[in-house]
Structures are given as C-alpha cells and as structure tokens.
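What follows is chain A paired twice: with chain B in the first complex and chain C in the second.
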Partner chain A sequence: MDKTISIYWFAILILVAVAIVYMISAFYGAPYDVREIEASLISNRAADCISQKGELNSFLFGENGELAGFNNDFEERCKITLEVENIWTEPQYYIYLGVFRVGDTNRPIYFYETGNLNLIASCEAQQEKEFENLAKCAEKRFYSIHEGEQYLIKILSAVRKTEKNVK
Partner chain B sequence: MENNKAQVADALTWVVATLIIVIILIVFITITNILVKTKNIERFVIGIFSGDGDGGIEKVDIKTAMALEKNGQNRENIENWVKNAGP
Partner chain C sequence: MIGRRKKGTILMENIIFIILNLAFISILLLFIFKQGNGDALLEQAYAKKIALLIDASKPGTEIFLEMSDASEISPEWWNENFENAVSINGNLVTVKLRENGGYSYSFFNDVAPIVDMSPEGKIYMVIRDG
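Let's turn to the complex of A and B:
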C-alpha cells in the first residue's frame, strides 16, 4: 500500500512540475510586441528630420522656394536605416510622408514613400479593429511653416515583423 | 473481499484529491495563458516619448504648437486636422 501511495505521489509531483515548467516557458517564451512603438519612433524620427522648432527644413525646398522634397536620399538625410537584418525576404517597413496645404488636405502637394507598399493595406484594414498578425501602423500629423507658408504634414509608418513579435 | 470498505474509502479520498490538484493546475495554466495575451510594455516606454527636444525625441505636438505660435492662421482647421491622426 505504501509503495502504491509513493508511486502516486511521484506521479503527482511530476504532473505539477510539468505544469510549472509549461507555465514559465509559456509566459517568458512569448515575445513582447514592440512594433507599434517601433513605428511611432520611426514616424517621430522622420518628423524630426523634416521639421525643427515648427519650421520645415530648408533642404526640402529648391532654389526657387518650391517644395522639392527628397532626392532619393531620405534614409541618408534622416539617418534612418530600415533594413538592418538579413533574415527577411521582403522589406518589413513602410514610410509615407505627405505635405498638404491648409486649404486642401485631400491632395498632397508633395509625398514620399519608401519600403514595402503592401503594408498600406494592413493599415487600412485595421482602422476599425486591430489584428495581431497584420503590420502595426503609426500615423503622426503636425503643422509646420516655411517662409510664411503653412504646411500640414502627415507621416505614416508601418512595421510588419510578425514572426518576431507575435506568437 | 471482506473487510475492504476502509481501503475503498482511502482510494476515494485520493481520487478527489487528484481531481482537485488537476483542477487547480488547469486554473493556473489558464491564468498564465491570459497573462501571456495581455503582455505589453507600454508602461515601460512612456519615457521614450517625453524627449526635451534637445538631443531627445521632440514630440510632434510640440512642433505644431511652435508653428502655431509663429503663424496662427487657420488655427482651428489645423488643430482639427492634426487631431484626426490615425493609430
């Protein structure tokens, strides 16, 4: 009888130990989803690049004072490196930068976009409800001036990296 | 099989004890799975977005405020448009 009870207790002990190990590995094995913060940081960095103290940077404007924008040197000028890992087969980021006049916010007078254009659909799909397996988006809007002219700037950034942030 | 009633009672006690242990384990595992779903780091990163503008990360709201101080025309339209930013 004692032998039976000790075998039983051993079995219970193993069961409890397995449950504890499972709980610990499940909790600490689950990744933190930092994509929203990452997208927000990218937007903030882009915003800092094009506007300081409420004024658009002069490198965005041509000699005649017209808005020329970036000359395919957005990442270098803004010191943003989007592709730092070689494990992805396609770009995991998307950045859109649009400049609008105050009177017409439907059509940008200048826009620049770079990265994986397929991520735009993820942003639109999540306007009403968030889905974990889609890219996370962050939109920043602000107002800036340049030589008396008023500009509205919209920056949209999206980060995918689902495999690293979602279990 | 005479005089075995006490042994049956013993066995029943262990069965109930085992069931209680299993139920408690299931409850704890369920709580763990719920905690995994609600894992977030928002409370740790508030400081990242509170830059002082001098070497730190300037909030975009500060840019709008500074621009409005310099040129406040169409303030209401601008503020409404800025407020309607997405997630």
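Let's turn to the complex of A and C:
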C-alpha cells in the first residue's frame, strides 16, 4: 500500500516538475521585447531633428522660404542608421514624417517616409488589437513654428525585429 | 520481535521518502534559480539595455553602467576577457560573458561609442559623433 502511494506520489511529482520546467522555460526563454521603447526613441530622435525649441529646423526650407524637406538625406541629417543585423535582408524600421498646416490636418503639405513600407500595415493592425509578431509602432504629434506660421508635425515609427524580441 | 523489525523498516522508508522529496525540491529550486540568472538572458538583457542607452544618447554623453553580476557567470573567463565583454562594431552591440556565448543587438543612433570595462564589471561609455 505504502509503495503504491509512493509510486503515485512520484508520478505526481514528475508531472509537477515537468509543468514547472515547461513554465519556467517558456517564461525565461522568451526574449525581452524592447521594440516599443525603440520605436518611441526613433520618433523622439526624428522630432528632435526636424524641430528644435519649438521651431522647425531651417534645413527643411529652401532659399525662397518654401518647405523643401529632405533631399534624400534624412538619415545623414538626423544621424539615424537603418542598418540592422545580418539575419535580416529587409529593413526592420519604418519612419514617416508629415508636416501639416494647422487648418488642414488631413493632407500633409510635406511628408517623408523611409525604411520598410510594409510595416505600415502592422501599425494599422496594432491599433485595434495587439499582435506580438507584428512590428511595434510609436506615434508622435506636436506643433512647431517657422517664421510665424504654425505647423502640425506627425511622426510615425515602426520597429519589426520580431525574431530578436518575440519567441 | 517481528513487529519491532517492521517498525524499523517503515521509519527507514519514510526517511528515504523525505530525502528524495527534499532532493527533488532542491533540484527544482536550483533549476528555477539557474534559469532566472541565466547567462544567455543576462547577455541579451545587457546587449539590449546598452543599445537602447546609445539610442537615447546625444554625442558627448557619458554613461556609467553597473554590470557586476556579469562577472559572476564565468569568473575565470571574465578575468581573462572582461575587456572584450562588451564590444561595439558599427551599430551592433555585442555582449559576451562566457566562452560559447554572445548576444548582439543593433542601435539606430549613428554615433561611435567608446566602451571601457573595469574588472569589477563597471562599464564607462562615451558617445562620440559617428
């Protein structure tokens, strides 16, 4: 009788052990997901780049004062590099910058986007429900002025890097 | 006489049973503790932490980071290789705390950080213009 109880007892112990080992492995085996912070940092970096002390940076404007934007030199101007680890062949970042007149916040008077355009869909999907395997996004909106005129700036950034942040 | 011998057997069985249970619980706790302080986990955590610190920094920033627990993973390896425990190649941070380990994570900030690691596991970083 005692031996039977012992066998069952150890069978239960083994079951408990397997369950605990599985749970611990699942918990600690999952990588830290830092993509949201990273996306937020990119947005902040882009915001600091185009607007300083509440005023749009002068390099965005042409000689005649018109909003010329970036001349394919966003990465150089903003000191951002979109290169990632060799395990990915496609860009893992997406950055969108939109400049709007305060009276019309639907149509940008200027926009610039770079990186992996496929990640826009991830940002749209993440608005309704959170999907771990999709890219994480960060949106930033603020007002800035230039020569007395006020502008609304919208910045959207997305970071994929799923393989390094999700199990 | 027979009754006395039987009681002795029961006591012995119980002691073995308790010892086995204690051994089981100890092994389980050791496993949980080892997993929690996992080498790979620590490498990943530090690589990502350093990459995010660099991303949030402007040129001229000085960063001090305490990573003394990193030196406890493999003390022998650490004593010989602590200077290379954290390396930056281009925009890739690599943290390596053991012989067959290493974890890399990229940062987007186009800067050139300089890293100096002390034997006690204190890291000093200066962010320079890229």
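Methods note: the second predicted complex is superposed on the first by the 139 of 167 C-alpha atoms of A that agree within 3 Å, B and C clash if a C-alpha of one lies under 4 Å from a C-alpha of the other, contacts with A are read in each partner's own complex, and residues count from 1 in each chain.
We adopt the following convention: contacts are C-beta pairs under 8 Å (C-beta built on N, C-alpha and C of every residue); 3 or more make two chains touch, one makes a residue touch a chain.
Here the structure is a predicted model, which means the values were calculated and not measured.
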Which superposed partner A:R45 touches (first chain B, second chain C, both, neither): both
First (chain B), second (chain C), both or neither touched by A:K164: second
Which of chain B and chain C A:F142 touches, first, second, both or neither: first
Which of chain B and chain C A:I12 touches, first, second, both or neither: first
Chain C versus chain B, contacts on chain A by residue: B
Touched partner set for A:L60, first chain B, second chain C, both or neither: neither
Chain B versus chain C as contact partner of A:V34, first or second or both or neither: both
Touching partner for A:Y22 - first (chain B), second (chain C), both, neither: first
Which superposed partner A:L97 touches (first chain B, second chain C, both, neither): neither
Chain B versus chain C as contact partner of A:L119, first or second or both or neither: neither
Shared chain A surface residues [contacts with chain B and with chain C]: 32, 34, 37, 41, 44-45
Sites on chain B touched by chain A in the complex: 14, 18, 21-22, 25, 28-29, 32-33, 35-36, 39-41, 45, 48-49, 57-61, 63-71, 73-74, 77-78, 81-82, 84-87
Chain B partner contacts - residues on chain A that touch it in the complex: 5, 8, 12, 15-16, 19, 22-23, 26-27, 30, 32-34, 36-37, 40-41, 43-45, 47-48, 51-55, 102, 105, 123, 126-127, 130, 137-145, 148, 150, 152, 154, 156, 167
Chain C contact footprint on chain A (complex, rising order): 2, 6, 9-10, 13, 17, 20-21, 24-25, 28, 31-32, 34, 37-38, 41-42, 44-45, 75, 79-85, 93, 164
Interface residues, chain C side, partner chain A - complex: 10, 13, 17, 20-21, 24, 28, 31-32, 35-36, 38, 41, 44-45, 48, 51-52, 55-56, 90-92, 104-106, 108-111, 130
